[in-house]
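Listed next: structures, encoded as structure tokens.
Common to both upcoming complexes is chain A, partnered first by chain B, then by chain C.
Here is the complex of A and B:
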């Protein structure tokens, strides 16, 4: 299919919106009526047709607008993109992975032509047609990681692997859920996860690290994470907390349906061939509560998950103060009927909401 | 969540290949080259990576890891070099005596447990015998990026100096060869003393050589993280033993010339693995109960784990009255 790209913003007037197609394929993260941490890794080898799991790097209707927003973030704060000197080779690995994947998965949008080390890259949605020499940085307008991630949705952490650990030694991070690449740069896996509550005690990070160290070429993996965001903001960074943190206090019973968004991260993991580094793309999907409520199964389930979430997690995810107002809103969409297992909305088979008002 | 749950397979992804060349190098070592049967390109890899070769030895499946020693950017052909081990369990003998040009085999995607530290200002390689193989691909990788490296290579005799001529011809100032039969030895203390800050050392060879280099470097004040080693232990034959598998509710026999991991696979009990050499940690298995002695040969478990908590079925064995493991 050819994608119709939205003309929309993730700041100021917040004209971001999801089409019916985008709502239906939204990666709702809860497979049951409750939530607790789990390593929840699975192989990243496609998924149902049209779903966000189908392609290696999903491209959707927000692509062009997201890239425009990224360019604005970088213009204000160039430290959102950093790469330590030993990570340049990994940057080339990532450039190749994305160019090959996108040109194979979306041949109508992207083209890659090789002539030995001379590469030509055509990105039709962004109007780019560049020729460069592979592994020669001087032939690109930016370093290889920055060049390709200015053209790819999602944040990217490029992790060096050594001493049985992973190190945050490069990244492009402009759509993050309140963490800072500039702060975490050079940290190892346990250091950058230090602020997360409960999971350390549960041994989650030790198990997750062991899994990640063993991700091999040809066998990428994925998992989900989620949080809540008021207004469809991509850039919820600590650097700009003074701008967006205050917006959490603007929620009212009247506007919560349109302003409150569930923010879902599709996290994938690929071993990079030349550098033996690991790339960790974190793709952010936003959906307003009122759009989620169009799917009766998601309405019932989201109410139950938010209601029963441990206080520590609601605090860490930054919505403990707004939780009572969220529950007032969400309870209208929970009639107590059981939900079917799995993440997909099943609009054809799930019973409609059986509740007045 | 489960969008499309798929169970991870044991071992890395497989590639179907055909043998494109068999090149005897000396009395003990032969090089084997592989190309994809479907004519596609092989994946690029990083210097120091290995592949696991599947051998069908008259119905018995053998899986042996070998370092990839070709240029990592050459995606048309992979090469490994195999040293014949007449006392081993038969994998290398199978390669030497049975594998011919044109044979179809399966190998895994590259897996790297011995990669270059790309932060290093300089890389010093120490190879013993067939331990030269991972350095062949590391050198090719560094040569493309103008990397700073030198090689110290100990071999038994001139006749057994695998790739010595090629290396000396290409890199006369970087390659230093030491012959055991001429009583030459690597001047290790001197070499470790004279390196610039930020140098990383890498060693691949017999266990004694690895231990010697780690100990000498530590004594000379080198940070442990800057001394890298790779030692794949080939599983050694041993006395047959019996194992109770509590999850599968089975009791199995491990034969004299098979490993516990191979016995599990023969019985259809799936256990994860990557290196099959006691180094990667994938097949780590909990011990439920035991009465006897373990013969641990891995480089993975901590001493307290080896004291009755865990076993690495790829290389380790057991002698005694009973053993029950969590498989």
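Here is the complex of A and C:
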């Protein structure tokens, strides 16, 4: 299938939009009508055809525009991409993983050719055709991690593994849900998660760490996370919070359907072969409330989840002030009918909305 | 008198202990202000310690200098500020041998920065002893402009670099030796609560 790449923005005029195809494959994160933290890891070994889970690194219609936005963020603030000196080898591991995966999974878009140490990488959507020497940084315009993650959707945390812990020692982070790579660089798993409420007490992080430490090469894992974002803004960074925070106050009952977005992170975890580091891509998908409501199952369920979410979580996720307005909007799409289990929208079998006015 | 029990907090916030003499070839002690008291107590526990110790002390207006000098450490240095002392600290750490023990005491800012130097010299932070004494002021990084504001005593406070009103988080970076400050009125510009003294 050939992807038609959108010409769109994630800032200023916010021309970002999802096609019907993108809405249907949106990774709705709620498999039931309520939400609480869970480790919720599963193997990342494909998924239904056309779904975001199918390929190792999903490429969709937002690819080119997202890479353009990333370049702008990095030009404004180069500290969004950092790698401690001992992480360069892991960067090469990551470059290899992505180039091999994308050229195998999307042969019409990406090509990788080897001639001993000489590699040729062709990225057709971005118009790149580079030849370089594998493991020789001087032959690339950026370090290996930065080079390849300027061409791959999603944030990337490259975690060193030592002392039975994971350390945030490198990353490319421009589409984050309000956390700072520059601040968290060098922290261990418990430290960078320190501000998250409730989950420590529930033992979530201890269990998650145990799972992650044991991820083997060739057996990647995945989980979902989510939050809310007003306007399709990818760069919800703490660095720029004093600029974008005010946008949260621009919601009205009239514009909430188009302005309020559910922000979903597809988090995957891959063991890297030479460095034994773990790469943790955090891929962000955005969908407006009004587009989500085109799927009756999601309309019913999102209302119930947002309504019943504990106050601590709504506060941490930054939408406690807007929750009443969200519920006014979402309740119009909840007729009280039961929903089928699982995350997929099932538009063919789920009953249409049965609500007057 | 000068010991303060910090309330329990999130997992990135440093936890300080009580200095105790450890077996070592050499002992580097870095202190500011009331941290001198912790060194005096440490010396009292082991009479052989000082002959193998290098004390780096930043008085910050206190007058513990004579008492520390009277301990007869192998080396004693008094610096007018941390910034003035840091070259010396780096030199000592760079030339240190296996078996060096590091003791840090005083304000969080002093301990954090000196710990950072020791870590960069290859000493794991878990091997470095710390004891908080004196001021509970914090060293804060503005997440927006990245500037560091020293000796923050109130929440919120004004970033000394960019002028934004920042609230004081407990989220702490050893790499930056600082807590994180985040704009408090981003969603309601101008609505800045009255500053409250930390831990009050």
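In this section, the second predicted complex is superposed on the first by the 357 of 357 C-alpha atoms of A that agree within 3 Å, B and C clash if a C-alpha of one lies under 4 Å from a C-alpha of the other, contacts with A are read in each partner's own complex, and residues count from 1 in each chain.
As a convention for this text, a contact is a pair of C-beta atoms (placed from the backbone, for glycine too) under 8 Å apart; a residue touches a chain by one contact, two chains touch by 3 or more.
Note that this is a predicted model, so its numbers are computed, not measured.
*Asks:* Is A:343 touching the first partner chain B, the second partner chain C, both, or neither of them?
*Replies:* first
*Asks:* Where does A:53 make contact in the superposed view: on chain B (first), on chain C (second), on both, or on neither?
*Replies:* Once the two structures are laid over each other on A, A:53 reaches chain B alone.
*Asks:* Tell me which partner A:314 touches in the superposition: chain B (first), chain C (second), both or neither.
*Replies:* So A:314 meets neither chain B nor chain C here.
*Asks:* So in the superposed three-chain picture, is A:325 touching just chain B, just chain C, both, or none of them (first/second/both/neither)?
*Replies:* Neither partner.
*Asks:* Figure out whether A:89 sits in contact with chain B (first) or chain C (second), or with both, or with neither.
*Replies:* A:89 sits against chain B, while chain C stays out of touch.
*Asks:* What is the contact status of A:248 with respect to chain B (first) and chain C (second): first, second, both, or neither?
*Replies:* A:248 sits against chain C, while chain B stays out of touch.
*Asks:* Would you check which partner chain A:3 touches, where first means chain B only, second means chain C only, and both and neither mean what they say?
*Replies:* neither
*Asks:* Which of the residues in chain A end up touching chain C in this complex?
*Replies:* Going by the criterion above, the answer is residues 79, 180, 182-187, 190-195, 200, 238-246, 248-249, 321.
*Asks:* Touching residues of chain A toward chain B in the complex: what are they?
*Replies:* Chain A reaches chain B through residues 27, 29-31, 40, 42-43, 45-48, 51, 53, 84-87, 89, 135, 160-163, 210, 214, 216-219, 223-224, 273-276, 342-343.
*Asks:* List the residues on chain C that touch chain A in their complex, please.
*Replies:* 10-13, 141, 143-144, 146, 164, 169-171, 173-176, 180, 182-183, 186-189
*Asks:* Which chain B residues qualify as touching chain A in the complex?
*Replies:* 1-6, 8-9, 12-13, 43-46, 48-49, 72-73, 109-112, 115-119, 141, 144-145, 225, 274, 280-282
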